[in-house]
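Below you'll find the structure I mean.
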């Protein structure tokens, strides 16, 4: 049986004017468990708290009920007060007789009656309270960033600059990501590699950053502060420490000339050798051998690169290696790609080499690209005179079969950028943009778009393109609508550029599963709170950076990367994490192992294990729910989903809430 | 207290489950804005509307409550991301079932109320009390086995 | 949710056509795709907005419904699954059901017949033009 | 039936399974009961006919824990229950050998009694293979009834002739559905609240809390029922008793909502004849209407509607008063 | 292999070529077309309102007949193919239509889309296989440059007909290759010929067909093939300067298989 002290606060006249405080004290004094009841002018004041502490000591109180203002106001105060007197802070309940009673009722008798009922409910609850301990878990002071694009790079740099160690895992042979493929960036038109390459070098040289390129996350276990991650370092077939990056192997690889290996980096507009770096400024500047295409790996013959390498860095025998590293926090920055365009046969992307995607256009305009920055048609290498841009290809579609339901956000701006860059270089080009809506929210964005129209005379037409028809003379006939002028347009073009929808990197689903980070219908990672916790995953210790969370441009990505870094730093700065003691708890004897609770847990805090249980003298191995207390945030979704009542929530247990109901309805 | 009041006019007993993050705070705001509603409403604080087990609601009715209202964060605003979505389904099914067995519509209600909506909280409670007042005492839900 | 009379009418069209005009985002891909564009007085993308506005009279009186080839290009390409061709079909139905205003009268037929005309043409023209 | 027996014996003989769960003859021709069969001679008592309505899937929870594989005879509709148990990790599939047995509808002896057939000595025409009328040899002479007229109500809303999970199928099945599954529910929905209340009052007041419904229900498979643990007690058991007494069927129906496959066993076993399936079916109908069609147990991978949501779900206030519009 | 065969009204009349060459080719390829007894016209057009039942019943009866025979149902005419597949999809997936249609028809057992509907070309591709077909060719059509003209009804709506990629089909091109000729790919091949508007707006269909001929011959086609009697009619009526001969695909098939004469 608890020994409960009830303390009724006057709050000056805030409570006492409407609630007969003395009467409340009298009426609750004989409630079960109550051994002491008193009132005071200001319970939260120094003197009021002193009164509580004294009573705890004098009456050996095991529980407190404070009838006062909202617990949202002073619950912390009274818990600290209890702790001061050696009482577990979770043995305190607050009956809200100010905000929810004295302030809203006028009739004193009525308000007093209600105050008593609220006090009774709190007393009944405290009778069932148990002391709860805040748990502690240590924090490994190292972060993992998955993905080495601009989002991952920026996050890693910010964390590393704050003095913490960071590892970047990148599945490609070089970091740099999508941004390294771009030519210029909007809205300032600075050269993408001029601003990205220095950051890539900085990452490589930073004492706090370790790079795992050509590597993938294989397995993740643990929880916030204590993740164990297996990283697969794929065999490069080049010894990292010996390679000087001279590039001799790449120039001499026979497949570079005669092979037909499309360069991933150049989007298949150019071929690459079997031993390659994706691009000249790759970081690290160490090539890899593409074993699927390499003649040596296919036939056992060749070996040119090994023979020619001045530093004997080629190692055909190299094996994949798995390293296990501990981390306190993980940032997902897996980025995006554009969708496959097979479903948009009407735009003839697969039929005509002169219908290209925007990323291909980036490569075609890039001085380091397959054409050396000279814009030309892939069919006849002639410079296009009439170029048509089609917006929203696969964005804003209703059905999954067609495309994506969301707006890809970046296309309107980069199309304006492309149009202006082309007009800058080749002013006699005619450019037409078919759009549904031009969306330019962002600093200096609409001005940028208007410049394309007003200064560069880019022809913007509201209306979608129905079909692109390759013509016998090698041109493309674009059949489109002009909705504002009410016309169907049939115009000839030399080149058509498709603004294909972006989508999260397809690998993210697997990674999210490993991390138990939730993901939405479009494979974007979900944030813990759309407004208030936009860079955190609902799973504690997992943070989000860049396109993996949703469509965004480079400035937004960089600011989100910084925000994610701050959250990581805030976590790593702590030696220990206090865990919320109001967590779910599973009664293993009652658990059916049905997984219903795990299905509704937003934090992935519930796992299922086979454990030995003793049930009425019978030893049995059962599949039962286990709550990871470091992850559980105490929402109680599992408790309402549990059919057997095995899952319960400390601090808000089924019995506690039931007893409150009973006390109120008594 | 109850002895000498038995002949007085019917005053309903209403239990309100409020989630800690939005609606309980909304109720506090109603209080600090002095937006009154009848004392018939008694609030039970829960972490999330998703914590409200249908057992609690049935229990309240069985114990003599005349109305039960569940308040949570607006869909999309749940502090725990998704709790209110599960609550929404659970309550829709429960309410429909109660209607099915012949309980008067309106004894149960779900309202999404944010921490900023003190006025809405107060208005909701006033409406709900009025509704329950008009329905009168809860007889049917006291005993779903209907033996008495 | 209660509905206005207009919404109820639109609901009926939705039912009849299996197509939801509210989904239209006015991209014009249907109009861009339409081979009979030049023949139509109300353009394919306008069918959704006419219906949403409740301009049924104008739709019924338009020639457009009879000029649509039912080639399904708009249905195939519509990114919002509005499938304007189905709204066109619904319009033809409205005409036929509301006033028997068939576009083709049987007595016209003999004059239109060519010797090698396939049955398929006659049958489908009858279906399209008449109730 | 002989084919089934032969095959079961064969499975036992070749060691594929070490026991079989099927039905054995009861004391009357119309009440066979679930039983274990471990040896060839046990099969002398084996029966599988129109009266073998019992859903054996729940027995597999315990049986699959035993050493060696167990073969279980499941009718098409029973396989839904089994699938649902798999979804909830309640049975060990590896340790189960599912014989999908043919079914042309199961019979309800009460239907015969209501038709005035009494003093039954023996019954013919209930074999699983036949397709004629059922003939009763009674002390008052021979009586005949059409097979369909004798069928359990649940078979008139049959889920179909296909087994959704099995290792092998023996015998033909028939889709015996000829009624709308929700006909009864809709009928009740159309009553006034007063009529509905009166209806349930008259039905539920018959309950003697024998727990037969709970015991037979494959979804009610908790190790310990919430009514038997103290998780929701406030003070003492006495209080809970009254709560339990009063709310039992609603709470039970809610606990199995989204998991109930509508196998109809609850109503079949109720000694008081309470149409308990009307609660479950109401939930199923609501789930179908509110959240899209869902059949528990059809796909063990499918998310249950109560552990799922969409952003646009119906608001609770729109879930009621639907009949008023 | 036996198939239920739904010829449709036009093949019995103006498009007898389409039919007879298909029959003789089928024999040469070792499968049999069993014509459904007492079939009725499919209507040529899928019903305009999704709530119409009566106009779907002739298709439902044909589909159910094939089901009773345990055979797949073959069509040749693009309109029949279109209508039968769409009605079949309704019977499979639209409960309301299924129930109402079954109520009308009173079959022994309700029909719910069990029959598989195949276009003759699909049989060549998916059952025989174009590589096998190529082996059976005795008169390869070497040196011919053939444009496939698909039109609308064989391809769209792509999801329901599930015939080929509606925007970039290749079944007829593969067919042409199998016969030893060279396919000509041009973008008007899946654009409408004007269809039934030929009845009241013949000038319009002439515009359309002229574009089709211009485009296909621009890419070098010396003839076109089609599976649709209506396309055939419209193309034949064309007075385009670029006009080239148009054949039913079955005619070229029979020719390549060496069975054209006996047909």
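Letters A, B, C, D and E mark the chains in the order given here, with residues in each chain numbered from 1 onward.
The rule is simple: contacts are C-beta pairs under 8 Å (C-beta built on N, C-alpha and C of every residue); 3 or more make two chains touch, one makes a residue touch a chain.
What you see is a predicted model, and the numbers here were worked out from it, not measured in a lab.
K.L.:
Touching subunit B and subunit E alike: which chains?
P.N.:
A
K.L.:
Treat each pair of touching chains as one step and give the shortest count from subunit B to subunit C.
P.N.:
Minimal hop count between subunit B and subunit C: 2.
K.L.:
With respect to inter-chain C-beta contacts, which pair, A-B or A-C, contains the greater number?
P.N.:
A-B
K.L.:
Using only Cα atoms to place each chain's centre, name the chain farthest from subunit E.
P.N.:
B
K.L.:
Please indicate the chain closest to the centre of the assembly, with centres calculated from CA atoms only.
P.N.:
The most central chain here turns out to be A.
K.L.:
Subunit D to subunit E: how many Å between their CA centres?
P.N.:
Taking the mean C-alpha position of each chain, the two centres sit 49 Å apart.
K.L.:
Averaged over CA atoms, how far is the centre of subunit B from the centre of subunit D? Could you give it in whole Å?
P.N.:
One centre to the other, that is 36 Å.
K.L.:
Hey, how far is the Cα centre of subunit C from the one of subunit E, in Å?
P.N.:
Going by mean C-alpha positions, subunit C sits 25 Å from subunit E.
K.L.:
Cα centroid separation between subunit A and subunit E, in whole Å?
P.N.:
Computed value for the inter-centroid distance: 51 Å.
K.L.:
When you check subunit A against every other chain, which residues touch at least two of them?
P.N.:
346, 467, 600, 641, 654, 658, 661-662
K.L.:
What positions in subunit C touch 2 or more of the other chains?
P.N.:
Touching at least two other chains: 73.
K.L.:
Can you list every residue of subunit B that touches 2 or more other chains, as numbers and ranges?
P.N.:
Counting only residues that touch two or more other chains, subunit B contributes 54-55, 59, 76, 82, 86, 90.
K.L.:
Going by the touch rule stated at the top, which chains touch which?
P.N.:
Listed in label order, the chain pairs in contact are A-B, A-C, A-D, A-E, B-D, C-E.
K.L.:
Tell me, which parts of subunit E touch subunit C in their complex?
P.N.:
Residues 8-10, 13-15, 41, 43-45, 47-51, 55, 77, 79, 152-153, 156-158, 166-167, 191-192, 194-201, 204, 208, 228-230, 232-233, 236-237.
K.L.:
Write out the stretch or stretches of subunit B touching subunit A in their complex.
P.N.:
Residue positions touching the partner: 1, 13, 15, 20, 24-25, 27-28, 30-32, 34-37, 39, 42-48, 50-56, 59-60, 63-65, 76-77, 79-83, 86-87, 90, 122.
K.L.:
Taking the touch rule as given, give the residues of subunit A at its contact with subunit D in the complex, in rising order.
P.N.:
Touch residues, subunit A against subunit D: 124, 128, 587, 589-596, 599-600, 608, 615, 623, 641, 643-646, 648, 653-655, 658-659, 661-662.
K.L.:
Taking the complex as given, what residues does subunit A use to touch subunit E?
P.N.:
Listed in rising order, the residues of subunit A that touch subunit E are 344-346, 348, 350-351, 401, 467-473, 477.
K.L.:
What residues of subunit C sit close enough to touch subunit A in their complex?
P.N.:
23, 25-34, 37-38, 43, 45, 73, 77, 79-82
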